[in-house]
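In order of appearance the chains are A, B, C and D, and numbering begins at 1 in each one.
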């Protein structure tokens, strides 16, 4: 069967590979789930792997199948599998457990090991192919009513984990409830975070470079947030206007913004960094002032990455709520379909070049 | 009665003031506690107030009595007071509640208000005098067996709060248990944090500039920690040697070190900043790299300041444990007594000039 | 305007009362919300108040307007109100805060005071009337897509609080995740709890007296639960079949069942009692055996009642998820509409006599 | 070497057995710790095993060495052992891990498995012998200053776990702080719980059958608690006097008292059952009333048993605090020493017959 693959560490090596179709028995103890792939989203990680920046093939291969944002339909399950059955729509987690105590409790997303095993990223083939098999432990059901949003399950899981982590960490304050949040960045993560925070009753300011009108601004505002272009107002000016925020979610990956955000946070507030770039930039930071404000205001900064089974579940739950509270909005993120695995060059071109694309994804099959 | 006071915002205005002796009835509803002051510690905050950097007098006064680290003996209590009685040794919290939700649950240490009411610091007279009266709500009992350490109650409460906050925040990771901790700074807070972490079974590296032998190094090692001089090894080199730490407590107030520490923290690790300087320094920071490592490692940074009733209690409990697990060590922090309120110039001189002083404190009265 | 009221402590005193229409300015500081009532649900509490068992009129009245399960549409808001606006569908919480620390943090549902102020139950008029005004703090928005389920907001809030409390309490076990839950009782609370647990991925056995087929059984099974009639299998037999449950939610109010359930719970398991009767029954209990199993198995029992703003919000969120995961199921609980306040006798008759009614509610107005 | 053993399931089979001296290499990977036994406490569990009620020998043996409350001195450690060294005083945990998720995170005390592996109780030899070897993971250091109390480490660990569990569970209430606690039972667990709660600042009423004066009453009152004899006042009468308690710790093992205590608990309160009897008693319980009060008051009941490494550590910390806050009190619990393993009959006689014994323990060796 066909698969979109790269030769890791070889820039621009994206190509069509051939793999044997997997069997449900490839997973022992009757726990296999065979999934027919329907849609796969791609993001900056796929682009950077194709740029040769990181990623490794599975043992015994010289290529790595891309794709970690999957949506498909179950074709067959092993005899021990109970929570999904043929015909169910599903998504699948990305990272596989190592051996740390966190891995042993089903939380490989916070593994303390240095080597990650991640489908489509490192040491395991991804989902940009026709079929895959995995252990039922990693396969998450998507209700039919969310079929049109299923390909957003993985980015939504990452957004949900970030928000859950900060609410958990802020329980240190016993009665903390954020009133005002800033979301820096209005890409897919920024917009999905905007949705999650709106569902939790928070007043949200979604902040990005581009001026209105724009699709990003429209989506943010359809979620009931206020869109702010940094061309018209800096973070500092905005904070004068709104009062200092209780929560900031950084989703630009621009480290200068990540640190600038530290300067406008309110007392007892929290920042979550969710995005990165692979760069080596150094920036002059007002270290004395940030140090002082962080201490006197009992503030908190958190990094968050990846997601596990429970975050996929809660992410899907939040997509569900989104359809009831803001019907029809989330699907507007799905800007840029590419039809068929054969169109891998077009997929990569959209990913690299398109200014308008909020989400590039491949329609692998009908279903 | 005598009191050591300053004229806030007037550099080097420390002087001897005169106040009427307070009465237990100054606090309404029978909740007053009249305390005879025995010892009062001073620290960088007192020095900076005398430098004119911050601090405000109480309404109706043009001077502010200094001193927020108190130890005394109860002389009289109002009829509603149950948890202390005349003859009890006591300490007293520093900040008084405002009106935020945190203040209303007894946690003024995390008030979300901008104005603090703090005895000896802002808008309320301090303890560097002969007697004080306060509401029983703020008066904390010290057992007689800790009489010799009572003047450390306030710094210990601050150290305890910082550690409690980070353990609470790290519950986001469900099963986090730090194995290796770095403490940067070996002043009183650094050493007390060293003690607390040792009591929790953590392997501690206490890191400061000075080379061994030194009193700081001796105390850290008597607590079972390893003392490391940055003259012999940088944080980065140390991390290569020990493995990246799970926890870093920053107690130098040097913002360059505060940010440098971010670069050596391990996965899922946490840093607490506990100290500040009043400067305006800017430093070039490897922002891309810190951003990336913070996200991929799910790391956490916390600021912590002040302490409340429960932290004073747990601080005193930790001093008690210290006496059993490391008998006779903690009192070595009490390097520099000054006898009598009249010696306020000597007190300030030791605070400003002494290189050897770990803790300057005034013996106000016998008891 | 019309209102359905009782004379508390006078059995069967239900009657039509007359009240002046409230004004948005009845609430100070511009925080009033004037709501036109659309539907109001009634339950055993209303029946027991009409039986004269409890309840008190507001000061200055000799009658109490019934109804604590409200759904309506906003007609007017004061100038300080931001989170709802005219035309929004809303529900409203039941209990109003006293002065305990729990009341002060927005959690009157766990007040430690003995006297409750509850709309339609004690000391405050209820919602079985044409209009009401309340402080915006207690008014919760319902999205238009849930308009058909809005009258279930209050019972759902109670169900949600119960589940949230037990998950919070079980964090004492760090990594507890229930696999199998029993829900005893298939009235509205039992069925809504079934939904919530199914949304959390738990395998649920909903257990009630009646044999299949029945509407209760159909709803439970449409939520993906297994319905078990106690006529065919006792709790003990069921536990032999399924393994001992990790979680039991008791929603019959039958105290014999409440205690029987304690005997079948698994290690580390938890029971929540959510229902009561006003009786004085005594039952012979295997106290030694329950005591032993509770200790050796580290088990937990929780009582839960009432709900607050955040529980209403999460209850509405769970209703939203229910529409996506199990479309069209929840509305089947709404068995028994009564048209118009004038039909108060019919309302009470259905509440008292109907064997088939899962939910009796009054259609007060169109909207 | 000598050991005190029983033939499980054979009533009154206590005898002196002979075992080879273990070697530090009996534990693989250099993790062995060889401990010379100094003192071993015995309790009702040992008595009931000798009564033939439960307990099993290790595989390959027809006898079981008794003793699970150990205190000793390290003689030798394997090369991988870091946290203890020869000459250190130590105690050792009782239960060994199975395979459940709780066992995998170091919490065998809350294993969800049905079979326990417990030294001196089930399937593993106990400590009533001259030497033992165990994995360093289970060996807990006792500071020399607590040498005289070391034999109380195990019961204190059990008391500490119970208190920690209830404080953790009550975090469901965000700001819960118990003011008044009842401790039912003034045996060793009741008294140690009294100490722990007093150290946390709670007003404690320790309640037992016997009238004052008595050693139990003296110890409770030396901890600052109020001793109440049920001969002079019932729980219900006491609650009228003190107000309903926020917390009750049941340590009689009398199931009638365990259930009676449920009737006097205050709103939002919690009960912990820590003790059991092996009986089959049934008691008539006011089930309707308890059910109603439990629900309306949002109350909680917890069972707690056993303890793990961290509880031993915190238990030892609380013994340390006890020596500072209430010097010399705790050792009064150690009423009844028996000298030498040869005196096993005397040990069992004291355990069975002595009315005055609070704690029977064997002095195995000097050290």
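Heads up, the rule we're going with is that a contact is a pair of C-beta atoms (placed from the backbone, for glycine too) under 8 Å apart; a residue touches a chain by one contact, two chains touch by 3 or more.
Worth saying up front: this structure is predicted, and the values here are computed from it rather than measured.
*Asks:* Chain B and chain A are one sequence twice: same or different residues at the contact, by the over-half rule?
*Replies:* same
*Asks:* Among all chains, whose Cα centre is located farthest from the one for chain D?
*Replies:* So the farthest one, by centre of C-alpha atoms, is A.
*Asks:* Per the definition at the top, count C-beta pairs in contact and tell me whether B-C or B-D has more.
*Replies:* Spelling it out, more C-beta pairs touch across B-D than across the other pair.
*Asks:* Where the CA atoms of chain B average out and where those of chain C average out, how many Å apart are those spots?
*Replies:* From the centre of chain B to the centre of chain C is 48 Å.
*Asks:* When the centre of a chain is set as the mean of its C-alpha atoms, what distance in Å lies between chain A and chain B?
*Replies:* Those two chain centres are 41 Å apart.
*Asks:* Could you state the distance in Å from the CA-based centre of chain B to that of chain D?
*Replies:* A distance of 36 Å separates the two centres.
*Asks:* For chain A, jot down the residues that touch at least 2 other chains.
*Replies:* 101, 105, 174-175
*Asks:* In their shared complex, at which residues does chain A touch chain D?
*Replies:* My answer: residues 101, 104-105, 174-175.
*Asks:* Which residues of chain C touch chain D once you look at their complex with the stated criterion?
*Replies:* Against chain D, the touching part of chain C is residues 101-102, 105, 107, 109-114, 165, 168-175, 253, 255-256, 258-259, 266-268, 273-305.
*Asks:* Which part of chain B faces chain D closely enough to touch in the complex?
*Replies:* 83, 105, 143, 145-146, 175, 199, 201, 313, 317, 320-321, 323-325, 327
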